[in-house]
Structures are given as C-alpha cells and as structure tokens.
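Two complexes come next, and they have one chain in common, chain A, joined by chain B in the first and chain C in the second.
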Partner chain A sequence: MILGSYEVLLEQRTDVRRSSAFIVPIASILGALVIAGVFLWLTGRPALSVYARLVRDGYGSWYSISDTLGQATPLILTGLAAAFAFRMNLYNIGGEGQLYAGAIGASWAGLAIAPHVSGPIAVVVVLLAGMLGGVLWIVIPAIARAFLNTSEIVTTLLFNYVALFLMQYLIFGSSSFWRDPDSKNFPQGKPLPDVAHFPTLHFPRDIAGLDFPSGVTSIHLGFGVAILAIIGTWFLQQRTSFGFDMKVVGSSERAARYAGIPIRRTVIAVLLISGGLAGLAGAGEVGGRAYALDPNGLVLGLGYTGIVVAALSRYNPFAVGLVAVLLAGLRTGADALQGATGPLRVPVAIAFMLEGAILLAALGGEVFRRNRLVVRRIREAPA
Partner chain B sequence: MTSGLSLAAAGINANVWVVALAGAISFGVPLVLAALGEILAERSGVLNLGVEGMMLVGAVSAFLVADATHSPWLAILAAVAAAAALAAVHAFLCVTLRANQIVSGLALVIFGGGLARFVGSSVEGQPRGAEIDPLRIPVLADLPVLGRVLFQQDVAVYATVVVTALVALYIVRTRPGLALRAVGESPATADAAGVSVARVRYLHVILGGGLAGAGASYTMLVLVPSWNGSATTDGIGWIALALVVFASWRPWRALAGAVIFGFALRANFTLQAAGITAVPAEILSMLPYLLTIVVLIALAPTAVRRRAGAPSALGAPYVRDER
Partner chain C sequence: MGATDAPVGVRPDLPGAPPAVSARRIVKRFPGVVANDHVDVDLRRGEVHALLGENGAGKSTLAAVLCGLYVPEEGELLIDGVRTVLHSPRDGLARGIGMVHQHFRLIDRFTVAENVVLGDRTQSLRLRRDRTEDAVAEIAETYGLPLDPGAYVGDLSVGQRQRVEIVKTLYQGARILLLDEPTSVLTPQEADALFATVRTMTAAGRTVVFISHKLGEVLEIADRVTVMRDGRVTGDVDAGATTREELARMMVGRDVDLSSRRAVVPAREPMLRVEGLTLTRGGVTSVDRVDLEVRAGEILGIAGVSGNGQRELADLIAGVETPTAGRITVSGTEVAGKGPRAARAAGLAYVPEDRLGTGLAPALSIVDNMLLTRPRSFLLDRRAARAEAEDIIERFEVKTTGPDAAAGLMSGGNAQKVLIARELDSTDGEHTARVLVAASPTRGLDVGAIETVWGILDGARARGEAILLISEDLEEVLAIADRIVVLYEGRLVHETPAAGASREAIGLAMAGVAP
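What follows is the complex of A and B.
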C-alpha cells in the first residue's frame, strides 16, 4: 500500500518473540473493550462503570468465582471440541448442536437408566450417554467430509438448527418422554432422579475467610471432567502416534498420503472426538446444573462461545482452560448486569458482542504477532 | 409425499399450493439477495462465512430505522449500509491483514449477532414501524394461479429479479466483471495484467455485504412481524451460503434455488394451512436445514465442484511475490 511518499507493508517476522504471546491477547481485549465501549456510549451507558461492574460481578467475590467456574465448565469442553478439530483445519462449528444432542442423550440416560443403578454408575452412564449424543450428532458431517470432501463447516452448523428444533420438540411435544407431565402451565423437562445428579463441591463454612453462607458452589463433577479432558487432549496431541498423524494430515494431506497415514480414519476420529467433547458439555449442563432437559438452556450459545475460546487460545488445550474461565467471567458479569438498575442495566447480549469483538481484535493482532509493519520512504519520492 | 397424494385424493383446495408457491418466492428473496452477495465475494476469491451476522445487523438496523422514520426505503438503505460496514471489517482482516478467512467469518457471525441483539434488546417483540406493501399488476394479477403467484408480489420481489439479472450481466459481460473473475481464478495473473487484487476484493466483499443487508431488510419488513433476536433470520444466512454451492456460483441458478429453499422454509405454514397436522411443527421446521445438508452432500465430490465452477483462488489470501 502506498500512502503519499511512503510505502506501508507487512513483512513476515523471522523470529516470533515469546513476549508477544501475552502482549497480543491483552491488546486484543483492550481493543475489544474500546469497540464495545463505542456501542455502550451510543446507547447512553457509562462504558467504564459498566466494565468495572462487569469485572466485579464476574471475578470480584468468592461467589462470582464459583459461578464463573461453573459457567466455564461447558465452555472448556466446547472450546476443546473446537480447538481439537480446528488445529487440523477441520472446522467443526456444530458444537452448539452437539451440546444439545449430548444434553438429550444425558437426560435420556438419567431418566431411563439411572433409577435402576447405584449412584456412581448412574453418573458415569449420564456422562457416557452425553458423549455418545455428541458423537452421533457429528457422524454424518464427519463421514461426508472424509469420503465426499463435503465442507464440514456448513453441515455441522446446519445440524445446530436441527438439534435446536429436536430439543424443542422433545420438551414441548405433548407425548415426549422428556417432558415433565406434572408441569401444566409452561412445558418443562422431566426432572432427573437424585441418583443421576453430579456431585457438587461443598466448602466447610469455617475455612479461613471464605464467605459461603450455604457452603455450596456451582462447581460440579463436570469441572473435573473438563480438566481431565484438557489433559487428555493434550496427551493425545503431543504424546501419541495418533497426535502425530493428526499433525501431518492437518498440515499436508499429500504428505500424509506418502507417509501411509490413514487420512479418512484420522479425519473421522478427530471429528467424532470433537463431537464427543461438546456432548460431554451437554451432559454437564444436564447432570450438574439444570437436572433436566432445560428449555432455558436453549439460548445460551455455549457452543458458539467455544469457537471463540478455541480461536483465542490458539488451539492449545491449557490455554483453552484459561480463556474459558476468562470468558465465563464475562458471562457471569453480564448476567448480573442484566439484573442491575439504572444506566448500568445492560442487555446480556453484551457478553456475545464482547466475545465477537475480542475475536476480531485477536485476528488482527495475530497478524501483527507474525508480521512486522514496515513503513518505508519511497526513494524516488515525487518532488 | 404420501401427504401430497392423500391431499390430492381428498380434493383439498388447490389454493393452498398456489399460496405456498407465492410464499416460496417471497421467502426466496432474502436467500437469493444474500447468495448473490456471497457469489460476488467468492468470485473475487474471498470466502465470507459471516452472512448470518451481517444479516442480523442489517435486520436490526432496518427495524430501528423503520421505527424512527416509518420509511421502508430508508430502512432498506440502513440495512445495506450496516451490513456493508461489517463486511468491510472482514475485507480488512482478510485482504489487508491476510487473516484466516474462515475464523474471520465466524467472528463476524458472533460479533454481528451479539451487536444486533445488544442494540435490539429494547425493541424486541415490538411491531415494526414500516413495511413493504404488495402490488397488484393490472390485468395480469387476475390470471388464474399465475396471477396470485407472480403478479401480486411486492415491488422488492420484482427488484430482486432485476438485481439478479444485473449481477449476472455484470459478472459475465462487463470489464469489471472480467477483472472480478480473473482475481478469483488467478490473482497473480490479474495482478500482472494491472488489476488491483486488493481493490477488487474489497469492493466485492463490501458489495456482497450490502446485498446481504438488503435481503435482511426484506425479512424484517415483510416476512417477520417483529425483531426477535437471532431468531429473526434463523439461519437463512447459512442456507444462503449453501445456496451459492447449489447454484455453482451462478446468479440465475441462485434465483431458482432460492425458490426451492423458500418453499422448504414455508413447509410449516403450507401443511398447516392444508390441514395436515400429523407431522409436528418442530420436525417440519428442520426441513430447510436437512434439505440444505442433503444438497451439500450430494454436490460435494471435488470433481463435481470443479465442473460446477468454484473459483480457484477461493479462500487463499494473495501475497505478491516480491524479491
């Protein structure tokens, strides 16, 4: 690009400095806050006070940290689901639908199987059924991608809408197994029996300085599963031959073919694992939070936020954990803001706007991490 | 299909199907406009997955401006401008900064959806302030069947046909259209011939966003009664993306495909109007999405795609090789 007598170009860096791995995300978040701040200001809200309140309600007390970690649980899993596939250029953006399918499977197991087995087994069955639901929901896009080269991007996405309508049908359909026959006014999911509820972390009241009136937190078994999933995907990627196959197929299918790596099998396996991770998120929402196939769970957008989590963490499993907690705090804070009064009352959609803005800013920032902006005076400058 | 047969056998009013066809054309308008926009962007080599986000921002802009001015024309203009502005962000990230086009498109969907819901949350569910009224073309409107299907539509439907013709002519018969195709097929060649790759890509990505916005304004001013968050467009931006593949990047085929998809989008109303309630509404609502998936899988094999005319440089940023 030429501006006056100067030439501006992006030049690829030969050495990517390590410090930029921290500077770029922080700059991206600041950039996003400025973008969202413009819209807050345009709608007559004090941006700085809104942000201060967002941080306070998201991360400022033990209560909010407990809520944030509870919110982070599904985000870690949908984030891993996206990251695991994205890093080999398989864009599974159907985490939302796979989460619903997982919730459907988990609630089915909780209602149909759990009453007949003992506690720990019931919980394991709910988790497995959730995972299976997510896996089943990605089977068609996975096979079509591996054998027909159908772009998985649009097919996985379209299945989100199918899952949404299926879930509505299962909750609102009058003869549905999932519907609570006792709720006459507003249709609700049938509550899961206690035996299928995930154990929740309790704090003894007398731990120094902790203020938990009830001792109960929002942190449930799903959080532990999410942490295990982080370690598991890292191990799979870095320490197994399957991880090596993934890396080769992801960077060059031709190289993979010469190396005799089964491309189709790798593609399908990666997508199924990705769907299973998102399905686990659905199981956690059912077994650890809603205890039913929850009609209010329809609007959360946890799968879509998982894409943001994955992109911001640059597909690194451990970074997924950190970013998920960060974005979960945004949601906890936004939930609180929605209930606030006066000019600080802000629609909860601000969380989504901020997430999108952070991702846009990070995409721009990533370019400056890998490239250097060069401004050169053109030698034969016009007189 | 059995339902159609039993319907005919029962001799139920054929009117239902006439209305369904007329409705399919109307529901096809936002689809074809968004698809035409995406065809322009993809023909220049830029994949823009952000259609759904641009349409949501366009729809909420149309609602707010219609609310303030009661003018459908200003509402359309606002939708076009807002969606084009969002497309410009995508162009900047993908063309100037050479970011990953897929992730940038997804970011557009998430940001656009969040922004639209944020600014629209105070007016959610309220009736819109302006709409586009249907016309009756004299004489022709009274023709049996055809009159109802083709000649009692609103002015935007006819304008959409004109826009389709213009886009088709532009791509195939004009010099800038030639430059567009060159940039999408072989940017290095176009560059060597003195065409500015960046300028062509910016222009068509932004133009494409404007068309998506125009489509969204039609949804807002004609098809849905009120702004209803992300359910307002309900994924038609994604269906439009599939429509581009279905139409093999050709405008007239996109128009024809839009009517088919429009029919599927209305299947719910049609069967209810026909008195068929055996299939639950939620299941019927899946139909357009399932149809789109089937179409994508059927058209998938690479050989078919190549023959179908996918631009060769689609998705690849252009870096001039300088030494």
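What follows is the complex of A and C.
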C-alpha cells in the first residue's frame, strides 16, 4: 500500500518468537476490552467499573467460580472437538449439531436404559450414548470427505440444521419418546430419572463458608470428563503413532502417501473422534444440567463457540481448557451484570460482543505475529 | 518507449567505451550476514554474463542491487560510465535495466498483452487493445518468443509465462535483462528455447545477466562468468577459457570431485527384480511392460527426458502406486501392490524426486521426519529418532538450527542429505535398506551438495546395496551408474554399460529414435 511518499507493507517474519504465542492472545484480550470499552462509554456506562464487576461476578467467589466451571464444561469439549480436527486441516464446524445429536442420544439412554441398571452404570451409559450420538452425526461427512473429497465444512454445517430441527421435531412436532406426555400445553422433554443424573460436586458446608451457603456447585461429572478429554487428546496427538499420522496427513498428504500412512482411515478416525467429543458435551448438558432433552433449556451456540475457543487456543488442548474457562467466566459475569441495578446494568450481549472482539483481535494479532509491518520511504525516480 | 525501441538501435561496445553497467565495491548487508562484500562486476553490451554461485552466495542480492530493488550501503553503479543511484526498480527500468524474477509477477485473469502493459505509465486512460496487442506481438516475434497476446495468462504453461515476463521487460525498454534462475522452472526443451531467445537478444546488442548455480548451463550459454561465494566475487572469467572443474572450485572454495565413479567390485546377486511392470490409468499407459534387474553392489541408471514415466516407475517400485500388471521382488519378497510399508519391510528405501513435500514433510521437525518411514508402535518413541537426527546432522554437516527445526527450513542440499541418510538408515553400521530407489537425487542442488550425494550413493554401492538411479540429468547417470537404460514413453529402450557409453546413442534413444 502506498501512502503519500511512504510505502506500507507486511513482511513475513523469518523468526517467529515462541514468546509471541503468549503475548498475542493477551494483547488480543486487552485490545478487545478497549474496543468494547468504547461501546460501553458511548452508551453511558463506566467501562472500568463494568469490567471490575464482570471479573468479580465471573471469577471472584467460590459461587461464581463454580458457575463458570459449569459453563466451561461444554465449551471445553466443543473446543477440543474443533481443535482436534482443525489441527489436521479438517474443519469440522458441526460441533453444534453433534452436540444436539449427543444430547438426543444421551437422553434416550437416560430414559430407556438408565432405569433398568444401577447408578454408576446408568451414568456411564448416558455418557457413551451421547458420544455415540456425536459420532453418528459426523459419519456421513467423514466418509464423504475421505472417499469423495467432499468439503467437510459444508456437510458438517448443513448437518447442524438437520440436528436442530430434528430436536425440535422430537419435542414440539411429535409425540415422540423424548416428549413429556404430561406437558400438553407447553411441550417439554421427558425428565430423566434420578439414576441418570450426573453426580455434582458438593462443598462441605463449613468450608464453603459465607458466600456459598448451599454447598451445591454446578460442577458435574462432565467437567471431569472434559479434563480427561484434554489430557487424552494431548496424549493422542503428542505421544502416539496415531497422532503422528494425523500430523503428517494434515501437513503434507503427499508425504503421508509416500510413507504408506492410511490417509482415509486417519481422516475418518479424526472426524469421528471430533464428533464424539462434541457429543460428550451434549451428554453433559442433558445429564449434568438440563436433565431432559429440552430445546429451550439447551444453551444454543455452544458448538459454534467451541470454534472460537479452538481458534483462540491455537488448537492446543490445554489452552482450550484455559480459554473455555475464560469465556465461560465472561458469560457468568455478564449474566450477573444483567441483573445489576444502576449504570452497571448491562445487557448480556456484552459478553458475546467481547467474545467476538477477542476473536477478531486474536486473528488480527496472528497476522502481526507472522509478519512485521514495514514503513518505507519511497522516492520517485528523477526521470 | 517499448515498442518503438527497435533492437538494432543498440550498438555493441566499441573498444575503450565504458561498460553498459559497472558495479564498483558494492556492499549490502542483511541482519547477521554480508550478502555483498565489496563486489565488482562489469556488464558489456551484447554479452551473456553469468552470475554463478551456490544458494546464498549473494548473486540474487547483487541482481537486486543492479535493478534498483536494493540501494547498496557502499559502492557505486556506473551506467554507461555515469555514476547513478537507483532508488527503485522503476528507476532501474528508466535506465534500461530490468529483472525477470524467478517467481513470476503476472495476473492470471489478464491477457498476455494486458500483463505486458501493466504499469506502463505512458498508456492513455483508455486501453487501446489492438495497439498493445500489436506491440506485444512485434516484440515476441523479433526475439523468437511465440506468444498469443490475447491469451489469458492463467491458461499458459510455466515456460510461456516466463516468455510473458521477458516480453514485458523488453516492452518496458530494458537493454540489460537480469534473468534470475530462469531454467529452474523449465523443461529441457523449454530451456533450449530460452537459450535461443537469449542469443537473439544479445545479437541485437542487449545484455543478458544469467543468474544460475548450474555449471553446465552457464558454460553453454554465457560469454563471461562472474563467480560468487559467501558474498564475494571469487572469479571473473571468459566462459570459453574455463572448465567445469575450475568453476566448481571457485564456487565451492575447494576442489570438487565430479569425476565419474564406478563399482570397484563386480556386482553380486540380483536384489531388485521387476517383470512386466505396467501402469495404465485413465487410458494412458505411463509405464509399459518394464523388465529390469538391479544387483547388489551396482547402480543401474535410468536416463530419459522428464515425463516419460520416471515418477510413476519409481512410485510403483516403492509401493506408492499399485501396478496394473507385473511383478516386483525386493530381495526375494514379492511386493507389487502391497503398499509402501511392505516394500520397506522387504528392504527397499526410496528417495523421491520431490524431496521437501513428499520425502520429507516440511512442517515437521527433522526428528519427526526420521520417524516418517520407520515402523512405529502405538506409543511414539522419539529418543532413537532424535539420536539418529543428531548423528546425521553431525556426520553430513547439515546446516540447520537443530534436530527440532522444521525440515522445510533446510536448503535443498541439506534436506537431501537428511533424506538419503534416513533412507539408507546409516546409523552406525546398522543397515536395513538393501535396495535404494533414488529419483533425481541432485536436481537443483549446489555443486558441493551434488558431490556429497554422489559420495553417499557411491558409498552405499561399495557396501553392497543395489541402487536404481532414475535421473533426467544424463551427466549424472553417465558419471555414477554402472549400467544405463533409457526410459522412453514408459518403455525401456536402450541398455548399455556406462563405461564408454555413447552419449549420442543414449541421446537418440531419449528422443525416441531407435539406435
């Protein structure tokens, strides 16, 4: 680009410093806070106080931390689902649909199988059924990608809508197995029996202290599953031959062919695992939070937010955990702010705006991490 | 300018006249490296002046200084004897110096003529399509550069695109053309056509600066040769008064042994046997009933012009492709159609033509690339691979920041050393490979690296490995193979011992003329 007698251009950095992997995300968050601060200021709210309150309500007490970790659980799993596949240049953006399919599978198992088995087995069955639901929802895109080279971006995206409408049909449109027959006027999902509910972390009352009177947290079994999934995907990627094959296929398909790595099998396996992770998120939402298949009770957009989580964490499983908790805290804090009084009363949309601003700042930051901005003075040739 | 600038207007140097361009004591530094260290060069009218040097010797930097892309920190440029400072390539063009870059700067969706007049500030606002097309056609015809001015650049072959770049530079009025590694993207036939164009341009009094690291082509095309090493000029000679060996010594800084090497011990039992090997796909037969046998302790060279089935033949033997018909045995084990892993298990190693991208995964570290063709258990063990990577880096003097550096950051020569060493599995006396298929193993490499690669292949032969060398470089096949066969349109057509082989007979066979 030429501005007057100066030339402005991006020059690729030959030495991308390791430390910039941390600096860029932090700078992105600060940049996003500034951008959102401008909006807050324009609407007549004290930005710094709003942020202080946001942090306090998101991370400032045991109660809010518990809420934040509960909200983070599905985000960790959908974030891992996206990151695991994206790493291999397979863009599964169907986490949303696979989460719904997982929720349908988990609630079916909770209603049909759980009543007939004992507690721990019931919970495991619900988890597995959720995972299976997510896996099944990506089977067709995975096979189409491996054998027909169909863009998984398009197929997984379209399957999201199918899943959403299927779920709505099961509750609103039919007298299906999932629908609560007692909810004649306002259709709802059939409640899961207690045996299928995920165990929840309880604080002893005396330790919980002043700000946490009930001792009951929102941290359920799904959070433990999410932590295991972080470790599991990291281990799979870094320490196993399968992870090595993934890396080769993802970075250079010709090298994979040359080395005799089964490309189709690897592509399918990665997509199925990705779908299974998103399905687990659905199981967690049904078994740990909503206790029924309920389109109104399910938080929409968890799958899509997982993509944001994956992008911000640069596909590193541990970073996925951190970013998910960070974004969940924003949401918890924003939920609380909505109920505040006075000038601190801020619509919950502020959290979504911050998420968007962070993502944009991070993507922009990535450009500057890899390139440096050069401003050069140019002189016109004397003819 | 441009179209009206008839080539006959430029006169060759009169005795005593100043050179067209003279660079004096040029210094250009980059962080950590002096790319040009007090470089002198004189370019005369009507000559082909080669800038010869290994990758990183500073020849491209010098060319960038000559065309105005870089302003040198010290030194001066004299154009027709007048001291001049060039601030930009546009400045350089205004003085008649133009560069044809290795990577073309063309717009696919524009026609040839549109690309040529792009950036011409003398054009009126309204494009006169017929006039520009006529101008382009005229230049193209004058210099033997067949081009359709109305064709879209996106539809052209690489060789044709290069012609567009040359026509563009001529249109812009260049009397001195800098060609940066112009043959690296061309087939041999396209390269011959380019050489003819270069001669037409110099006959018309223009100067061509030919930047290259290939000794053979420099000797073929250049009148004068300026050799560079580590940013300095190490030689300035008449092409007619020098030899390959002298140029190689000036490039590398020591004697380079590119003399021919043959097996010193007679070849033993056959290790690789191929019978009736055929590959037909989409109605095209690229490999046609090939029979061959490679014995332990010999190099069988397969000569041929690129595109006659070389890559397919190598891929078939290595198990990457499944043959339509035929048998392949590696030390007695049938491997045809069983995949690369089966071939490797039988003792086959494969150095593919595309070393960075196929043989090595560029984004992966050198350590991980060691693992690429090794049998792996479920849990990955990087310790042995790391030790092997460190060993190879040390023994072959691989220039890299370490075993964890991405393979793609290595130069071609260093990447090839790593690849061949991995394939021969030469860790301290432990040899698993018994048959090596090497496809164009020295293409694009520096002279020093070629010497190393030939040395590695010769050493493997001496240890009793059977080597199938598939190369489009006839010199290479003649230099290190023991027997030579020619591949033409997928068939083996001519077999001869390498010692005393007739270059003419092989050349005819390569062209499809039965001897």
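Here, the second predicted complex is superposed on the first by the 345 of 383 C-alpha atoms of A that agree within 3 Å, B and C clash if a C-alpha of one lies under 4 Å from a C-alpha of the other, contacts with A are read in each partner's own complex, and residues count from 1 in each chain.
By definition in this document, contacts are C-beta pairs under 8 Å (C-beta built on N, C-alpha and C of every residue); 3 or more make two chains touch, one makes a residue touch a chain.
In this text the structure is predicted, and so the values were computed from the model without any measurement.
In the superposed model, A:Val162 makes contact with chain B only, not with chain C. By the touch criterion stated above, A:Lys247 is placed in contact with chain C alone, chain B being left untouched. Once chain A of one complex is fitted onto chain A of the other, the partner contacts of A:Phe39 are limited to chain B, with no touch recorded for chain C.
One of chain B and chain C touches more residues of chain A, and that partner is B. Legend: residue contacts after superposition of the two complexes on their common chain; A:Glu96 is shown touching neither chain B nor chain C.
Within the superposed three-chain model, A:Thr150 lies in touch with chain B and out of touch with chain C [touch as defined at top]. By the touch criterion stated above, A:Asp57 is placed in contact with neither chain B nor chain C. Contacts of A:Gly260 after superposition on the shared chain: chain C is touched, whereas chain B is not. In the superposed pair of complexes, A:Leu360 makes contact with chain B only, with no contact to chain C. Shared contact residues on chain A (touching chain B in one structure, chain C in the other): none found. Remark: chain A residues 238-244, 247-248, 251-252, 254-260, 378-379, 381, 383 touch chain C in the complex. For chain A in complex with chain B, the touching residues are 1, 10, 39, 43, 91, 93, 140, 144, 148-151, 153-155, 157-159, 161-162, 165-166, 168-169, 172-173, 304-305, 307-308, 311, 347, 349-357, 359-360, 363-364, 366-367.
Residues 49, 53, 89, 93, 96-100, 102-104, 106-115, 117-119, 121-122, 198, 234-235, 238-239, 241-242, 280, 282-283, 285-286, 289-290, 292-293, 296-297, 300-302 of chain B are the ones that touch chain A when the two sit in their complex. Of all residues in chain C, only 86-88, 90-91, 94, 318-320, 339-341, 344, 350, 352, 354, 357-364, 368, 371-373, 376-380 touch chain A in the complex they form.
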